[in-house]
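So, here come the structures, one by one.
You will see chain A twice below: alongside chain B first, and alongside chain C after that.
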Partner chain A sequence: MTTLGQVFVLGRRAFLRSIRQPGQLAFALVFPLFFIIVIASGLDRASALPGFPANSYLDFMLAIPFLHGALFTALNSAIELGRDIDTGFLNRLALTPARGIAIMLGNLAGGVLLALIQFCVYFAGGMLLGAGFEAGPLGVLVLFALGALGATAIGATAMTVALRTGSPEAVQGIFPLFFVLLFLSSMNIPRNLIETGWFRWIANVNPVSYQIEGLRSLVVDGWNGQALALGFGCALGVTALSLTVARTAFASRLTRT
Partner chain B sequence: MISVASAVAGRILWKAFTNASFLLPALLFPVIFFVGFAGGLSRVDQLPGFDYGPGYETFQFAFVLLQSAAMGGVFTGFGIAQDFERGFARRLMIGAPRRGGILLGYAAATMTRWLFNISVVFVLGLLMGMQIVGNGIDLFGLLVLGLLVNLIGGFWAAGVALRLRSTQAGPIMQFPIFLLIFLAPVFVPLTLLTGWIHAVATVNPFTAFIEGARSLLAGTTENVGIAFGIAVPLAALFALWAYTGLRSAERG
Partner chain C sequence: MSAIVAEALVREFKAVRAVEGIDLEVSDGEIYGFLGPNGAGKSTTVHILTTLLPPSGGRAVVGGFDVLHEGPKVLEVIGAALQEAALDPFLTGRDHVRLQASLHGLSRAERRARGDELLERVGLTEAADRKVRTYSGGMKRRLDLALALLHRPSILFLDEPTTGLDPQSRNALWVEVARLARDDGVTVFLTTQYLEEADVLADRVGIIDRGRIVAEGTTAALKAEIGTPTVQVTPANGDDRDAILRALHGHGEPVAGAPGAVAVRLDPQYDLTDVVRALDAENLRIEHLELDAPSLDDVFLAKTGHRLEGEGGGELEPEPVGA
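This part shows the complex of A and B:
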């Protein structure tokens, strides 16, 4: 079997395993939508601030479920990988001809596929709630692509932790860290409107801000080359770095016979 | 009953303060909410009609204080459910001469943990420039209000955990509380909310708690009576809910 075939088989396994946990799936689908409804309603008045870039706070927040959903799903995939290590499945897999890169990419692909399905729900939900979308039909594809790349970046980082620790609990433990990065970004307000100096500094160096702004630019600006380049660049950079570290961790984790 | 309660509380607190994986999530979330909302959204207090004197950090501290109190209570429900799944709760019930003490112990431990967490957020708030206009009595009232909300959350979750005795019941404990918290005037005063969320927030009991807490921090008495008027009976009602849950667990 080719490497691509191995990625497909292992990706299908990861995908099916995730959708067979309806509790987790429902949470990943419902929570980000609930969050945007509540926050967008609660902060609707904030769109009246001078310099606010969107017509409504709902438009401004539409990008956030894409990151939330990616976070939940990518972390769940990495937790499952940690469980595979914990239960010895990965070592049994090492006895097969499956290539290391196929095992890693297969795990990521399953999570990303599920995230793409979630994105359809978030986008449809946003449109039903009355959000606008400036970039048109092609922009929707770019939105999904950037969201999927974000899921890959988060998944690759969490997979590195799973491979280094071999523990699903340890992967679960990094959830607050991602949450911190999300909250200390331009999630709730544009960076230029952040008044608190130290917070603005953190938001400026936080790659999550650029990922959010890339997604958001498609909703509120249309086509903003700089925001998209930064969004794709940050997500690609984090993915490449995490996969490099994950590969080393993978090599030391597997005991090939 | 007291000896049972102190043994149960001692065990939970030992576990909570000696294991970072128990201590950190409960502490980290209020810190993240406070820093994220108070730091990131501070410009919101420049909106026309935003008339809260002490400033946005204080405005958000009231929310985080009550959010951490309610969710801290829910964490206790998770602990009870986990104790049942591992068989510990059954052994505890066999060993305890007065089982009401078990509930008291869980409640005491929940309140102690919350007091620790909110102290950390309070210090952080002061470092971020939070203004406290209320005097010592106001702050004492705020603490009592927080403890009552903590008990409401704890007894609600304990009642669910004692009836269902499974960690699978986690979303049932968590989601209603989460809904109540975020369908209140979290980011702006009630008067600045519009549409459906204004209608929901107006009848949401959590709104009364938040407005009472914000008044106490601002040194005024507006809404404080309503907050306590709702919190005290609710705490009593959910204590009854948890106690009948204990009886249900005894029957198996």
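This part shows the complex of A and C:
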């Protein structure tokens, strides 16, 4: 079986496992939508600020559920990997001809597929709430692609923790760290309108800001080459780096001869 | 030809040696019982032989392939059910079969036919479409065995396959393992801490303690090595004890026995009928007569200085893969 075939088979398993845990799935679907409804209605007047880049705060925030969903789904995938190590399921896979990279990518693929389904719900929810979308139908595909890349980047990072520790609890433990990164970004307000110096500095160096701005540009600007290049560039960079580190962690975890 | 060969196999975890120079050889089609208490080094040895853990020293060849340098080829000829029946609680039995058969490269038609055949053989056809989290411990073990056999391995590693199972499930597994060796010619390397399991199933037994093999052979030979059986005779009348001792003189050597009983360790060429005739000739009334043959636990005691049964824990537990 080819490596791609193995990724498909293992991704299917990861996807099935996830959709058979409705509690977990419901949270990842409901929370981001709930968040956007509450925040967008509470902070709608912020869109009247001079220099605010969107017509409404709902438009401005529409990108955020995509990152929230990516975060929940990717972390859940990494938690499941930690559980596989903990329970010995990884040993079961190691006793088959499955390649290490296929085991890693299969786990990620299942999570990303689930994230893509969630993205459909977020997008439809946003449209129903009255959000606009400037980039048109092709832009929706790009929005989903960038969101999926974000899920891959977060998933690969969290997977490294799972592989290093072999503990699902340790992966759960890094959730606040990702949330802090989200809050210390341009999630709630454009970077140029952040007046607190240290906050603006962190938002400027935080790759999450660029990921958000890439997603957001499709909603509020249409086709903004620079924002998209930065968004895809940051997500790709983090993904490549995380996958490299995760692969090393995988090799030391699975010392198969 | 030997299915499994290990020479001076060593595995160290930091400063501790879990396996200390194991030598063993398992013939094709043989059931080899690897008997020892918790933490003796059984699972670590299995992990090395199944390529999951590189040895720190020594060499092992499985199915004709070196475990260190030809791992993928070893995986083609072995199947393994490790200590924990590591199954995904959210997948069904059939999902597991499909996943594992696909990874082993079985075609779609072969996957279905072989999967159905094995699920039926282990009695899981009706439960095949239920999530594994609804399975009992015995069902999980049986599914684990079916998964290990999917790609028709010639060598099967079973790491404590019956630990925690009820007697019925345990017997069913024994029957299937014996059938695999007898009918399919599969070589079985079975670790266990249960004396009875080794006694019933294994053609040969290796006894491991603190990372070393302390005895090896057929169970009959190992038992014979440590001594002949002891006959214990309890007279109906306590005053007859001396008469019994006189009657049994010439059949063996008196040893300490149960209170009120006369115990004699029989000579190597003993014949129990002669013993009974000797007692009958003296017209003695016997309340109870018992023949105590040495057990594998006695063998373990003789070889290690401590008993296997009732022991456990405290020693080094093999670490998980890659730890």
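In this text, the second predicted complex is superposed on the first by the 255 of 257 C-alpha atoms of A that agree within 3 Å, B and C clash if a C-alpha of one lies under 4 Å from a C-alpha of the other, contacts with A are read in each partner's own complex, and residues count from 1 in each chain.
The rule is simple: a contact is a pair of C-beta atoms (placed from the backbone, for glycine too) under 8 Å apart; a residue touches a chain by one contact, two chains touch by 3 or more.
Predicted model only: the values in this text are computed from it and were never measured.
In the superposition on chain A, contact of A:193 is made with chain B only, not with chain C. Once chain A of one complex is fitted onto chain A of the other, the partner contacts of A:144 are absent, as it touches neither chain B nor chain C. Applying the stated contact rule after C-alpha superposition, one finds that A:254 touches chain C and leaves chain B untouched. Of the two partner chains placed by the overlay, neither chain B nor chain C lies in contact with A:223.
When the shared chain is aligned, chain B comes close enough to touch A:179, but chain C does not. No residue of chain A is contacted both by chain B in one complex and by chain C in the other.
Against chain A, in their complex, chain C makes its touches with residues 50-54, 67-69, 71-72, 75-76, 78-80, 82-84, 86-88, 90-91, 95, 99-100, 102-105, 131, 147, 320-323. Chain A meets chain C in the complex at residues 1, 5-6, 9-10, 12-13, 16-17, 20-21, 85, 87-98, 166, 252-257.
For chain B in complex with chain A, the residues that touch the partner chain are 21, 24-25, 28-29, 32-33, 35-37, 39-44, 46-48, 128, 168, 171, 182-183, 185-188, 192-197.
Interface residues of chain A, counted against chain B in their complex, comprise 23, 27, 38-39, 41-46, 48-49, 169, 173, 176, 179-180, 183-184, 187-189, 193-196, 198-199, 203.
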